[in-house]
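Contents: one structure, followed by commentary.
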Amino acid sequence: MRPSGRDLSEMRAVSIETGVTKHAEGSCMIEIGDTHVLCTATIEPRVPPFIKGSGLGWVTAEYGMLPRSTTSRMRREAAMGKQGGRTVEIQRLIGRSLRAGVDRVALGERQITIDCDVIQADGGTRCASITGGWVALRLAVNKLMKTGDVVSDPLVDPVAAISCGIYAGQPILDLDYPEDSEAGVDGNFIMTGTKKLIEVQMSAEGSTYSRAQMNELLDLAEKGIDELVAIQKEATNA
Amino acid sequence: MRPSGRDLSEMRAVSIETGVTKHAEGSCMIEIGDTHVLCTATIEPRVPPFIKGSGLGWVTAEYGMLPRSTTSRMRREAAMGKQGGRTVEIQRLIGRSLRAGVDRVALGERQITIDCDVIQADGGTRCASITGGWVALRLAVNKLMKTGDVVSDPLVDPVAAISCGIYAGQPILDLDYPEDSEAGVDGNFIMTGTKKLIEVQMSAEGSTYSRAQMNELLDLAEKGIDELVAIQKEATNA
Amino acid sequence: MRPSGRDLSEMRAVSIETGVTKHAEGSCMIEIGDTHVLCTATIEPRVPPFIKGSGLGWVTAEYGMLPRSTTSRMRREAAMGKQGGRTVEIQRLIGRSLRAGVDRVALGERQITIDCDVIQADGGTRCASITGGWVALRLAVNKLMKTGDVVSDPLVDPVAAISCGIYAGQPILDLDYPEDSEAGVDGNFIMTGTKKLIEVQMSAEGSTYSRAQMNELLDLAEKGIDELVAIQKEATNA
Amino acid sequence: MRPSGRDLSEMRAVSIETGVTKHAEGSCMIEIGDTHVLCTATIEPRVPPFIKGSGLGWVTAEYGMLPRSTTSRMRREAAMGKQGGRTVEIQRLIGRSLRAGVDRVALGERQITIDCDVIQADGGTRCASITGGWVALRLAVNKLMKTGDVVSDPLVDPVAAISCGIYAGQPILDLDYPEDSEAGVDGNFIMTGTKKLIEVQMSAEGSTYSRAQMNELLDLAEKGIDELVAIQKEATNA
Amino acid sequence: MRPSGRDLSEMRAVSIETGVTKHAEGSCMIEIGDTHVLCTATIEPRVPPFIKGSGLGWVTAEYGMLPRSTTSRMRREAAMGKQGGRTVEIQRLIGRSLRAGVDRVALGERQITIDCDVIQADGGTRCASITGGWVALRLAVNKLMKTGDVVSDPLVDPVAAISCGIYAGQPILDLDYPEDSEAGVDGNFIMTGTKKLIEVQMSAEGSTYSRAQMNELLDLAEKGIDELVAIQKEATNA
Amino acid sequence: MRPSGRDLSEMRAVSIETGVTKHAEGSCMIEIGDTHVLCTATIEPRVPPFIKGSGLGWVTAEYGMLPRSTTSRMRREAAMGKQGGRTVEIQRLIGRSLRAGVDRVALGERQITIDCDVIQADGGTRCASITGGWVALRLAVNKLMKTGDVVSDPLVDPVAAISCGIYAGQPILDLDYPEDSEAGVDGNFIMTGTKKLIEVQMSAEGSTYSRAQMNELLDLAEKGIDELVAIQKEATNA
């Protein structure tokens, strides 16, 4: 029934390759089907003004799509002179989600910036960015712990994200672009490795949904998160 | 237990005054406690390029805060030269939520723009904007139906929004600013008058939540939506 | 002869309601006929760099129109990414006019920002902003004097503004929008309560005027200023 | 008494050299003392959208200062990414003033843009821009009349501008920079060759003025306009 | 003598992998040592306004660096709201260089946009962008020829680019970042496969150079171009 | 053969008038045929952050064209809200070229900004800016030496620039606009008075060139530089 031939609860093939760029303190290329996102983590000693001197750390994120990551070429945001609303919304979500999984006291007064750049897009780029972004963050924090800059691990539980939706009346897991553009309802579920919820965003476009349907999607999401966290752990040798 | 002394499931006083500005096709001032938002609806014959010629209508929204709607003065976005990320995120949510309650075929090829301007802020401005925005939309559509420009009612079911959160370990309804700034988890629930879900956004900041807690908040939200829809109906004589 | 049926020297009904927003140090809603402007005053301890350390205070103003304050919807300046030329010109005039009525030594090294936001427009918004802005300023200064932060009153004489013009060959007081868009000559007159001049701006559009006509308009303006100052005093209990 | 040693009613030396750039349809360098402004007129067949098809012409102006036209270097507006408030205010005044002296029916549906670029500044740049701008406009219109594109002269009466102010308690004509920065009251007076008024702008900074003083400055201004118009006529062989 | 241990005339290892993104009409990842650039070609039916209707084609380029492609993180240009001067200069060079190798009549009235995004930087990104950009262009043109949209090959001779410089007094080929930041003179040489010159840019920073030295660098460059063109041909099976 | 009737190796008439603006520390108007550029030098005690405390000086440049310096009016960059790519590219070249001729230790920790504003354009504005810019720089440095702020002359050898190109198959010196717009190859050559090379930029547009042609142009350029340096010396009484 799905354009891809996948089962309703079947994710696309996922791979995470770490250490893909030599400059970043942590990096990975996450591929979820044909969606490819490069995630890097940068550690800096300074924090934003509003927490200066608090002893707390900060994790933030930026998101971008290469102009030809999409079927037809998008205009380059740097050339347009501003980030679009969708970009801003996504990078705020990535930052918020990753921060929810960080013990900011343990991290200490430093900032880690996660850059998520979409090399190729086929649906689910924001979820891939969070899942891959956590891997880059994990690797950067590992470095800080190896050097002794951070003593107690600030990342107690992995963070991952997956989309679910209602497509042709059926709940499905991990929407690709053809599904995403047809689904009347779709949601992004961000959870920890122990399945605690961090963020749920479920939207209907030209449609509505019931609480029962919401619960079906949450069941699917928990299955997906389990699979993603296993791959994150493997990639980071945890 | 709540700073305001309200019960856990008690909303603030809500009032909606319609017809507050003479130029707009629909308008209201919605006051939810100390949060006051002016909502206006503008009907225009043109639609965005991507649906030109489709016969479908469009509903969009813009959001702003007056510089001194807040405790300390915010910089004016027009003077800064751009809308902040939070503004962009909120106005996209308002537009998406209202569109979910519109039969775009029945509306016909025209655009209605909902402007939500916060006169005074005390938490919950995005929910107030959606609830009040729907009233302005309803009044504008009434005009179109009176003149016969629209024949079949495109607004079959009201749309309203309410926030809930976990404050000091307790689920509470309709957070004001002091609660909002302390809550570890808070969510915005957008529903129709028949309690169908349009959008759920539940975020944890420095914390997580369980599915059981999520269900408690949904229960609270349904209660709040019932109350809001009753006030919307009264305000629009429906 | 006037579209509104008013006498040549008759102002529109004027009302000033104070204390309309709970956060600002001073606020009012001024209504001059169908022109409604919300004015707020914000006190901040810092001054602009060019007077830092001088001991002098500063008063500045910002101006904006809500998108649907006008007959047809204007684009939101925050969304356009800049303030238009008219906006910049008006807010500079408001700031300059109010400063002319302030003893900046008595005010002390602090800044008061007057925000004037047009809720509904029907001509004369800049004059209403100055007249209402002075009321907000007065209320804010009252607070500073009550706490003892300011000892000697820096506002010795009220500041108010009124428009006059030549419409269908006749000098008229207080132009509304239909008159304003037809008048060949119109001017804004800013004066103190003792009728000292602060700023005169008289422009002809596609026309010219004589010194005799200019004097007739000044006579009208003095009458209008008298009425406005009486209302300002009543509103501020002075 | 004046820093320059001039009499109270004495203007600086004025010269207008025409034809200073080979590309523009009209051009001049106007020097008023040490204030030097290059004015060019560009004729284009298109008019702004709001008068398209009306048969009416349009005159508009742009103003700029070279970065080192001033005592200390100003930041280049093109590099800052926007025109400052003062620039916008001045160029709107220039355009409005020149338009007041144009018969837009006679001009026909075309636009003339006057660019006023300050090469060296010593006070009074906006007045010099209007006076020199009119000369550039006159020369451009002469070309249109020579070719027969315009038949009836749209410039029936010259337009010129001069500043006056109150300096050390005395009314003075044509303020230079040292006077301008000290004067408590200063004004710009734009008139036609027959002394009809187009625009009066009189501002007090940290001070006020009386109607009697306003009349004294107008007397001075009329004297200055007479002198400027004579020089304009000589420069354009009229 | 070189930090990398390379001979004076020895290039870094070069690899070009084609077809790296599924959406673009042509794409490659070019790696020159640790400099990695993703190049994509997008074919669009429209051309810039200035050649509309001329029957001629257009090739243009855009360039960007991922924020953490460099040793320390650069600010994202989209977030800063504009492309920096260096970016603008480089993308103009890429476009100009590639256009010089295109028969624009043969290409026909269509535009090909080459996006060059630096994934990892270690010196020589603009040269890698041109060399890789030509490969992406070649692949896109191949598609147009296969479908018969283009009949006569518009790319008669490959275009490649290489840097040379004077480092520690010696002429060297293909500067990496440590060399580039120390070299007193460096140049970029863009040539065709038959060694015809397209663009030479040789700059001294805090130094000068002689014609003899310029000729030595040109000799080196010709050697480098030979090697690059061989790799381009292999990558495109030409 | 040349549109201007000049010999292949004949430059246009060159004049440099110094001291043309009273505020700048150094200034000149350089006229190369119909290309007129006003160059000013501004000395400031501060340097850019990246060399603060190093004891080294800095020379930088900004470039602009007046809107009607060209045949048809260009849009004003300040009004467009950004400097175009060509402007940015040119001002970076001017700064880099002048810096190459400066002993930054001898200059000491101060910045000199060269503003080059094109009053009238007829080809070769960037070369005129460099040649005239050096004169303004020389005059400003003379002032610093006269006051003893700089002791050892930081400008040991003049810097000048000239364009050459291949026009109708022939190498020509100093292209004017009609030649520039037709030439298949053109280059800018920046040298010192002793003919040491600072920067060479030779581009082909829709064409290529050989090393032999490049050498012919360099021969022409050396001739032109000799003539320009003689005029620079005369203008600065060196």
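Before moving on, here are some points about what is shown:
Note that the chains take the letters A, B, C, D, E and F in the order they are written out, and that residue 1 is the start of every chain.
In this text, a contact is a pair of C-beta atoms (placed from the backbone, for glycine too) under 8 Å apart; a residue touches a chain by one contact, two chains touch by 3 or more.
Since the model is a prediction, treat every value here as computed from it, not as a measurement.
Fewest steps needed to get from subunit C to subunit E, stepping only to touching chains, is 3.
Subunit A and subunit E touch with mostly matching residues; of the residue numbers seen at this interface, over half occur in both copies. Inter-chain spacing, taken between the CA centroids of subunit C and subunit D, is 28 Å. With centres set at the average Cα position, the gap from subunit C to subunit F is 51 Å. Inter-chain spacing, taken between the CA centroids of subunit A and subunit D, is 59 Å. Residue positions 81-82 of subunit B are each in touch with at least two other chains. Beginning the circuit at subunit A and passing next to subunit E, one meets the chains as A, E, F, D, C, B, using touch as defined.
Touching subunit B in their complex are the following residues of subunit A: 82, 85-86, 88-89, 91-92, 96, 99-100, 104, 187, 192, 196-211, 214, 218. Subunit F meets subunit D in the complex at residues 21-24, 27, 34, 38, 40, 42, 44, 62, 64, 66-73, 76-83, 87, 113, 115, 117, 119-121.
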